[in-house]
Amino acid sequence: MKQLSRRQIAWRAAQDIRDGAYVNLGIGLPTLVSDFIPKGREVVLHSENGILGMGPAPEKGEEDPDLINAGKGLTTLLPGGAFFHHNDAFLMIRGGHLDLALLGAYEVSEEGDLANWTVEDPNTPPGVGGAMDLAVGAREIRVILEHNTKEGAPRIRKRCHYPLTAAGVVKRIYTNLAVIDVTRDGLITREMVPGLDFAGLQERTEARLTLANDWRVLEAPAA
Amino acid sequence: MIDKRVKDVAAAVAGIKDGATLLFAGFGAVGEPVELIQALIDSGVRNLTVACNNSGTGEVGLAKLIKERRVRKIICSFPRTSDSHCFEEAYAEGAIELELVPQGTLSERMRAAGAGIGGFYTRTSAGTKLARGKETRVIDGKEYVLESPLKADAALIKALKADRWGNLVYRKSARNFNPVMAMAADLVIAQVKELVPLGSLDPETIVTPSIFVDRIVEVGR
Amino acid sequence: MKQLSRRQIAWRAAQDIRDGAYVNLGIGLPTLVSDFIPKGREVVLHSENGILGMGPAPEKGEEDPDLINAGKGLTTLLPGGAFFHHNDAFLMIRGGHLDLALLGAYEVSEEGDLANWTVEDPNTPPGVGGAMDLAVGAREIRVILEHNTKEGAPRIRKRCHYPLTAAGVVKRIYTNLAVIDVTRDGLITREMVPGLDFAGLQERTEARLTLANDWRVLEAPAA
Amino acid sequence: MIDKRVKDVAAAVAGIKDGATLLFAGFGAVGEPVELIQALIDSGVRNLTVACNNSGTGEVGLAKLIKERRVRKIICSFPRTSDSHCFEEAYAEGAIELELVPQGTLSERMRAAGAGIGGFYTRTSAGTKLARGKETRVIDGKEYVLESPLKADAALIKALKADRWGNLVYRKSARNFNPVMAMAADLVIAQVKELVPLGSLDPETIVTPSIFVDRIVEVGR
């Protein structure tokens, strides 16, 4: 079985972003997606802290401490970019102005419920950030996650066991093993990595999956 | 590539349908997208609901659209201006419905639509005739009125400059309702005096970021 | 009896505006107030259409069609002034950021109720503009009006006969005859024009007035 | 004459009392008014409620204020950052109360306070643990949560430049929460890198108009 690396999952998610889209990339794994947007597509990246038109990480010597992304890493601004305040940044999010938010997740349910803000560890304070705003606000929510936990537990579940970020919002799931759509007819597997059969994928997934008739092999260039 | 420029005002208003709800920017004639409204008149569209602070001036723009009886209903704060005879005639004839909304509530209802706010409580109009039939609530001992978002199919706005992404800057008090209307419609169409190259607008001073704008047409004034 | 002219009422109202105040002047008579702000006081004038720091009407040749006030007359901007959009202009109003709004009125009641938006003439469409927002939003509401209608009817009433703009908001009333405060103890007359006695003022007023012990003569320079 | 400049940071924070509710701007350390917060620490004030997006970084500013156990309660969206050990220690000890609020709701609650909005309905957090105990309402078939304004006694903010009236401009993503916090407090105190003469800021590009600002202090960074 040829699982995707984290960067390869990001590559796969990037292929689906259309030219001209306004997109928010969640912190963590989704942030990597910006490295793989296909050449020739102009995509405008939004950041909760008041940026549209984020560029790549700065070259050495070009770092500006006043220019950071939502994950608080240094970033840059493309020509056409703009700065605005936090309230307008969330107006854009909540008001349905973003075409797409690509978020990380702890779990997704077969109904498209998203759990990505707390694992309820009594030893660490919870943090929600902009997750709940993005989850209800962007026109489309896609999620990037490892198919299973380090211990092998499924992350795509009948019902989320962690507290929800929002109910019924996820439309597509990218994992290291598959691309899965959340539809009214349940979870439809669109792509699987080579060497994995559908029974094997189902075994690693708590929610019931369906295999699309036109399913394809999920392969990504080395990344 | 993102290129929201269209070749003329007719292309800019293409697709607006009979019965649509529209936002027209401007305060009196200042900041009013007259050329876009003229294109709308030329398009033949009718039975419109228009939200605008006033009701048109003279016989151009919104005034002309009303004169031609293409506006079924107007949502505004102040229909009477120094030269609003087109509206007044239609109103006297019963040919146009008027929903009178306090100016701040009008603007806030548009912002709510743009910001994903399902409703908000304002003290404005509490205890007055304009609050009749509206739900109220006492908050910290004061009466508030529940107001709903005002979302539109399209907004016609006017700016000074735009780039091909649709970033906009305005001029002086011609800014007025333009930025908030740009937040509140499914289709946002901006007429601008001047198109400028991408990257030539200072990112610190862009007033309407490109995400709010769908089409841009240069009209030279 | 030496009644004040309209410009003299405006002069009187202007004398009470403190240095540094942020003020909205309603359309009509209140707009005249800006001509009489005492020298040496820096007052920041706000306009509903997105201006702070309005200056006087433009000199000939300096007119800018894009720079108008709430009454749609041409205006200017002082150094320190700023432009913003309508929504922020009303955020300032409704959020209690203005120190003072000086408004015109058809009627004021002894409770401080304000009626200034419609006389319910079936032949003209009503207009409300920003009146209701200002009436509930500014930290203090003062009103400028002619003491009586052209027909001699009182405008300061037990209860407003015209539809209300807002209830219980007016704190001070400037008329061509008097300066009257709206207090919890009722309407207190602070100033009266020369040649008018209190009985004469009461006769011209529907609501019951009290005369302040320290009442003063209301005189204004020729204006 | 309007002159909101004060001579130093101690004068800037003078009058803030024990038990006050405060807003601290910034996103992580960017845009955080560190010098003003240090002056607040030096003032000895305690038992504070602080609303801030994060919970302080390292051992300066908000982090130090928390380390000294002067913050009774924090209202924030994301208390954990790469270096938030001061908060984490206080939290583990039970020495600080945490009210966790989604970032957009946090910002919108402040705007509501600044805009005279008594409450608003948002879809954010509907059906989640963070909406527990809150009033909800179904609008157009979707569940919304009623949220209240978040008003503060004072806001500590940071800008790039100011004039003596208090007009402010910011730099890049250091703008973040600053403009909305400037709307939401009774006393708004801004530290700025540079004071500039009145009239030298372009009126088209002022981000926070002077009406929102009460005191300004130049800190040179």
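Annotations
Chains here go by letter, A, B, C and D, matching the order in which they are written, and residues are numbered from 1 within each.
Simple rule for what comes next: contacts are C-beta pairs under 8 Å (C-beta built on N, C-alpha and C of every residue); 3 or more make two chains touch, one makes a residue touch a chain.
In this text the structure is predicted, and so the values were computed from the model without any measurement.
At the far end from chain A, in terms of centres built from Cα atoms, lies C. Here the spacing of chain A and chain B, counted between their Cα centres, is 35 Å.
Mean C-alpha positions place chain A and chain D at a centre distance of 29 Å.
Mean C-alpha position of chain B lies 33 Å from that of chain D.
Residue numbers of chain C whose C-beta contacts span two or more other chains: 77, 83-84, 90, 93-94, 136-137.
Residue numbers of chain B whose C-beta contacts span two or more other chains: 108, 111, 115-117, 122-123, 170-172, 204.
By the contact rule set out at the top, the touching chain pairs are A-B, A-D, B-C, B-D, C-D.
Within the complex formed with chain D, the chain C residues making contact are 19-20, 22, 40, 42, 44, 46, 52-53, 77, 79-84, 88, 90-98, 136-137. Those residues of chain B whose C-beta lies close enough to touch chain D in the complex are 108, 112, 115-123, 137, 139-140, 142, 144, 169-172, 202, 204-205.
Within the complex, the chain B residues that touch chain C are 27-28, 30-31, 53, 55, 77-82, 87-88, 91-92, 98, 100-105, 107-108, 110-111, 122-130, 170-180, 207.
Those residues of chain B lying in contact with chain A across their complex are 1-2, 111, 113-117, 163-165, 167, 183, 198-199, 201, 203-204, 206, 209-212. Across the complex, chain D is touched by residues 47-51, 64-68, 72, 77, 83-87, 89-90, 93-94, 118, 123-133, 136-137, 163-167 of chain A.
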